[in-house]
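Okay, so chain A shows up in both of these, paired with chain B first and chain C after.
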Partner chain A sequence: MTDLPTTTERKLGLVIDLDTCVGCHACVISCKGWNTENYGAPLSDQNPYGADPSGTFLNRIHSYEVQPEAGAAQLVHFPKSCLHCEDAPCVTVCPTGASYKRVEDGIVLVNESDCIGCGLCAWACPYGAREMDQAEGVMKKCTLCIDRIYNGNLPEVDRVPACVRTCPAGARHFGDLGDPDSDVSRLVAERGGMDLMPEQGTKPVNKYLPPRPRDTVEEEIDILAPLLAPVTEEPGGFLGWLDRALDALPGGKS
Partner chain B sequence: MAHTQPRLDLSPPISDEVRKTTCYMCACRCGINVHMKGGKVAYIEGNRDHPVNRGVLCAKGSAGIMQHNSPARLRAPLKRVGPRGSGQFEEISWDEALEIAAGWLEPLRKNAPEKLAFFTGRDQSQSFTSFWAQNFGTPNYAAHGGFCSVNMAAAGIYTMGGAFWEFGQPDWDHTKLFMLFGVAEDHDSNPIKMGIGKIKARGARVIGVNPIRTGYNAVADDWVGITPGTDGLFVLALVHVLLKAGKIDLDYLARYTNAPCLLIENPGGADHGLLLRDDAGKLLVKDRTSGDLVPFDTPGVRPDLTGTHVQNGQTSHTVMYKTVNRYLSEEYSPEAVADRCGIPASRIRAIAGEIARVAFDEAFEINQPWTDFRGERHEKMVGRPVSFHAMRGISAHANGFQTCRALHLLQIILGTVEVPGGFRFKPPYPKPVEAHPTPHRDVVPGKPLNGPHLGFVRGPDDLALEPDGSPSRIDKAFTWENPMSAHGLMHMVISNAHAGDPYKIDTLFMYMANMSWNSTMNTRGVIDMLTDTDETGEYVIPRIIYSDSYSSEMVAYADLILPDTTYLERHDCISLLDRPICEADAAADAIRWPVVEPDRPGHAGVRGFQTVLVQLANKLKLPGFTDEDGNPKYADYADYMVRHERRPGIGPLAGFRGEDGTDQGRGAPNPDQLDRYIENGSFFVAHVPEEGLYYKPWNKAYQDWAVGMGLYDSPQPFLFSLYVEPLRRFQLAAEGHGDRQPPDHLRERIKAQLDPLPIWYETDQQGNEGYTVTALTQRPMAMYHSWGSQNAWLRQIHGHNPLYVPTKLMRENGLKDGDWARVTSPHGEITVPVMEMAALNENTVWTWNAIGKRKGAWALEKDAPEVTRGFLLNHLIHELLPPRGDGLRWANSDPVTGQAAWFDLKVRIEKAAPPDGLSESHPATEPQVSPVGTGPEELEWKVGK
Partner chain C sequence: MHPAPSVIIFTTLSGLGFGLLFFLGLGLPDVSGWIAFTFFFIAYALAVGGLMSSAFHLGHPERALKAFTQWRTSWLSREACFSVAALVVMGVFALGAVFFDAQWRVLGVIGAVLSLITVYTTSMIYTQMKTVPRWNTQLTPLLYLTISLAGGALLAGQESLAPWLLALAGGVQIAWWMRGDGAFAASGTDMASATGLGHGKVRSFEPPHTGTNYLLREFVYVIGRKHALKIRGIALALGYALPILLMVLPLDSIALKHAFAGLAVVSHLGGIAASRWLFFAEAEHVVGLYYGKR
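Coming up: the complex of A and B.
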């Protein structure tokens, strides 16, 4: 159907830190705002004030509860958008060539003028990262804000995807994951960044940084250690200790 | 098909113009860049230069475009034509609306100003609205703090001259251990997220104390799923362990707190337990070097934490002595509190150990000399990198004031307030109680009130009582029931006005407060009070004026609606006289300005509420707004923002003052001030000098800078109060001392609960037998109060609010996701959909706040999930405690501050068949007529083509 480029010059993508994502949805709405006003058709909303509002979003946050074998249950916020896979099945399945992966940077895009709205790509994507816009009848997906990242009308500091610019917790990072020396590649190396569902063989470019271990304070702090040893065991002896301690202060008696 | 790719324009124009203003999608007040295309709002992003958000923006902020264009926007002044609550209105002109309002208000001002109750909700202009009310002459003014978080504000001010929230922040650049208490993930929204991201990036530890593990607690390294209402007990157990191990900062306690101050020992006397002072009223301490009794601020003094003083044969001990004796008691040991807090003793000890380790083993120094208020030069600043912050949760209990005090006690004994790595105040805080006004209540018909309504009482003399001892205010603020109600009790206004207790009113005037729905306890009861009629058929609350931008539930209950603008259509000032947007390093304020003009084609249009207040004031010829001849001083709110002076040279805005716009803080009004703000991104920042960045309450460099900025008129150094003397004054009154005496039924409560050292007590559980589950609400990060549901983008995130039920209670009650449960409290019953949640205190249920909506409100369709399955816990919470058979009305409030005790709610749950109609939560409220219709069936929002 549609060929992928044999290689790409860069592999631009996102690194998303699951240790710090607080699930605030800032990235979701910033994305909605930018991509409604910019690249391609607006992201429409059906029944926006009614029973079952349903709009097009290129980025959504899912929340999962995790029950470890021991200890309290945890909640992980999991933002998900197109992972710009190296072996993108959404591209190869496209009957018209509308879905394509860019040679320059590996970004997977939809050329809306060639999209016939058949939906095969959404079916082929194992991550559910594509959404058919119901008003326009074309397939929408994350563009990595291609109309921002090279945009000479924006200050250089702002040439990042809208979701990255807005993330209050700093949980989203953007860069070239094909360059092992890039900040994002280093972050992935340091923090054990992971592929989402590697068994699918899609070789996603986006990476996820796993949550750090939780609820370890009791293992780390030896409560019997001198740290918390009582200064005195004698009844009423605390004030005696206090006096001695005050004398030991700068300007005290000793 | 071979790979091909189209040519793209990678540099399309962004917008025609960027207009910078201040967000109002919540109380965080971030700077925003509003991108305009063809004169319309096209895109909103955070302003990178802004001190609050540094470019980031939350979901609410980015969705502002949907709020600005909401179908629920009001379009014209409305006059009620159907019964109250029906929502039947006719649109009228502004001239007619102002004529009606002035016609109602003028006779009240001339004859009985107290018959106007003017209360504002999510008002960000309280210094202005209070000025208006003061000039009207009514004592009945407050904003929403009483049902929000006055416990936190008052506990902070009385203890250390400032509180959490926008009054201070952790030292994000240096802290290594951050402990966050309490549910509700809002204040301050973006700075907390930015801070947590920053400290986690460098490996600092975050401990979350919250019955619910969402949001910040989901990313916390350690989660303490505490039993609601026991935070104070947990904190005092930490204090116990740290004291016992000597892990306290003695130098800090001696220098900067009232720990070395001496408590008068005179059992039975009128001064027993007050602090020893000299004839000039200065606190006295023992100098450890000389043994002399000297004023606390004597140069060179070494205040003695263990000093004693013999007077009249009685030995006075220090506050430190009393503190140590109380908290070393085994009743505060981890083992003694563990079961009640739902936290194993070993965990409490481990957390105390981690606090001690970081505070003392990881202490560090900054090479920045500074001079303290005693004139002593310090070569370095000592950092203790442990910081604390708290959300509304810990304060929304009837023990919340003392709980917040306990947390401040913990911070202070560690020496972590206003030091590097700890908790830092934001100007104009710290500001001691003595620098705040006392409450004012003296009403003279036709004249302004004799001073500001709200303040901080120092003792019984400052209560707002009539000569006969009855409350002066309709909300009974500053009475023996809740003496330190510094923010008023908005949640009691309608209930008291309906009951005529302490007196009847004529006009209820409210702004931005959804008091017939999610912003009130006992929603159904309040609806009935608002619509109740007397024997003559007149409404018991005769007149209601309301201002809102949107078609909220409260709109239906007003007789006259003054429609407000959206936040992009208005002038506002976020003033240092009010709730500041400052950072710890800087004073800052901001404006809003109409980046688009209000536009409601075919209707009379909307006006900024503050401008409407100016117009009303001019019509009523209120002093303060008009000169001796009755000529208006201010044309509108923007004019007031620029030209009003609260004190000579001090106005609502601190920036760009003086004739040439170069003065900061103090200076003559500058007619070009608003233009200068707009050029600067709609904010102003003045940085604290390096030498003044820490130790602000005691630091000469900071104090001198603050005086220069006009934050106060002379240096105000003060000691932190482990022991809060004003509380003791109320206890003394309850013990029978003084002319002003509490009623007998309150004596024991005042003696017990207005303890000058932090305590923990179980809140009043009378009537709760059989109700064993705590029920809470949280505000989602992507929604703010009731506003979010009209927002097409945000309601797709939070359109549903199931009751989240812990696994154990799901199993016990045979519930599964999507089932319905009947939730009962001593006051009421609701039937709602449930969802299981494991990461939750096992005896707590919760839901998102204010998602449930009344049919017909917010331009939603009648089958929207917010109006069918959505629900409010408010139906289960009464504004009064169950009757005690004494004929008295006991408020469901903190006995110190009057804060609404939302989170003392106890319920029982059981599986239920779906309510009638099979799909709607119960109780279902009858629909209101929408004055604006409903929204469109589809949105394809793109203003540029």
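Coming up: the complex of A and C.
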């Protein structure tokens, strides 16, 4: 049923470090690769090598420029995927019960054989986390790699979402955000992890760690800089003579 | 929001059809036999035609029956249930009126109420979307209901009632537009809250992909926005003003009266379709903020 559970036993989710992400898009590729080859309908592309390519992705990386009141602008790479919200609006709008939130771990999933492809859940999601697959006509979303995290056939180190496993910068962390003593919860507490669009009332499980303040760029680049200032502002010598000579030519001073 | 033709046709025609069913259920006009058949045929053609059209925008229409199951939380599911209930009850009522010259009044009133509730459930599908501030207001159900009642009265030939209901719907329409224009700014959702990067001015530096995607096609529809004001004028003139004028003109000839009433219906339908196009095309989804767009 599309009733949301009042509580879930665990709150599995991601913590994404905006300070560390280098914007390499490796997580986008590993996500697309894993989720095309495993659980559910493949993530299709339309016209992938043509003039107007587009496709289904469960994870997209934006880049933002932040210009503070004073100081240098910052570039922040911003991975965005399903936040597995506690109060997930995408689940309750579903007319067929295809969308649901699991009681045991809080993961929001789509049962693709029940999905009629009405698209209403994507309308209800403020984060753009759900995308309708154009080839399959069903809604696709992040599963938190449910077929990896509980997969006994994989080595233990691989039992994390593909995006987390692949991130070369260590900017993505996976764990139980319902347990205040878990590594991810402690990270959120230490670094002031935040919700996206808190005013939408979705209570996201995934948290974002804000970028740390950058080292300030001094106005004076080097203590020797004053000594390197130009010694004269007016041309002298040969250039001075040339300047005066050209000015003396008919046509006036320039 | 992308103004999908299937959804515009659906909300326009079904709203009108269920509005007509509302008046027929109340016995306004009190008809039987062939005249009743004609009225009910028009109402069902509009209501069912609209519902069929809405099925075209589904990815998997063959699974549509599943949509009757989640009425506890989903307005779309409630709409499916109430529309079928209204159509079945009014169908039985229509059988009585057409074949037995009977007005089963209790059944008619129940059907009328179910028809209005169906329109209400349609409007709530949009109203519930916090992600689209322009829709997220109690004025949206009021708009859908008054338009449905006005159109229904027009089609049911309620000469005295229709102009007043049209004027009322037109008033709600203007109020809805005026509130909607400031809705996004008033919602409190902006690029700072979307990204959590409120320590400075946030600008989208680079989108995730060089091409477009489902989200941009579905939620960031900007074509025709520059003409919005003109289309509002057309919607107001055709949807409300002209039908009122055509209804209140003092005419002696019955034939001319019928011709003008028919013209009023066509004009109303065109105006409401324009208004519905704007309903979607002007609606801005908050996800656009992630792309630095509205």
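We adopt the following convention: the second predicted complex is superposed on the first by the 215 of 254 C-alpha atoms of A that agree within 3 Å, B and C clash if a C-alpha of one lies under 4 Å from a C-alpha of the other, contacts with A are read in each partner's own complex, and residues count from 1 in each chain.
Everything below uses one rule, namely that contacts are C-beta pairs under 8 Å (C-beta built on N, C-alpha and C of every residue); 3 or more make two chains touch, one makes a residue touch a chain.
Model, not experiment: these values are computed from the prediction.
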Which of chain B and chain C A:S185 touches, first, second, both or neither: neither
First (chain B), second (chain C), both or neither touched by A:S54: both
Contacts of A:L120 with chain B and chain C, given as first, second, both or neither: second
Touching partner for A:N35 - first (chain B), second (chain C), both, neither: neither
Partner chain in contact with A:P198 - chain B first, chain C second, else both or neither: second
Which superposed partner A:G170 touches (first chain B, second chain C, both, neither): first
Which superposed partner A:V76 touches (first chain B, second chain C, both, neither): both
Touched partner set for A:V103, first chain B, second chain C, both or neither: first
Greater chain A contact set [chain C / chain B]: B
Partner chain in contact with A:G128 - chain B first, chain C second, else both or neither: second
Chain B and chain C contact sites that coincide on chain A, given as residue numbers: 1-4, 28, 52-55, 57, 63, 65, 67, 73-76, 96-97, 136, 211
Chain B contact footprint on chain A (complex, rising order): 1-5, 19-26, 28-30, 32-34, 36-38, 41-42, 44-55, 57, 63, 65, 67, 72-77, 96-97, 100-103, 109, 111, 113, 135-136, 146-147, 150-154, 157-158, 162, 165-171, 211-212, 214-218, 220-223, 225, 227-231, 238-239, 241-243, 245-246, 249-253
Of chain B, residues touching chain A in the complex: 1-6, 8-14, 35, 37, 42-46, 48, 53, 55-63, 65, 71, 185, 189-190, 193-194, 196-198, 200-201, 205, 207, 213-223, 225, 241, 243-247, 250-251, 254, 288-289, 302, 304-306, 320-321, 324, 328, 346-347, 349-354, 356-357, 781-782, 790, 792-797, 799, 837-840, 859-861, 863-865, 868, 934-944
Complex contact set, residues of chain A against chain C: 1-4, 18, 28, 52-57, 60-69, 73-76, 78, 80, 89, 91-98, 114-120, 122-128, 131-132, 134, 136-139, 194-201, 208, 210-211
Chain A contact footprint on chain C (complex, rising order): 1, 57-61, 63-64, 66-67, 69-70, 72-77, 80, 125, 128-132, 187-189, 191, 193-197, 199-209, 211-215, 218-219, 285-287, 290-291
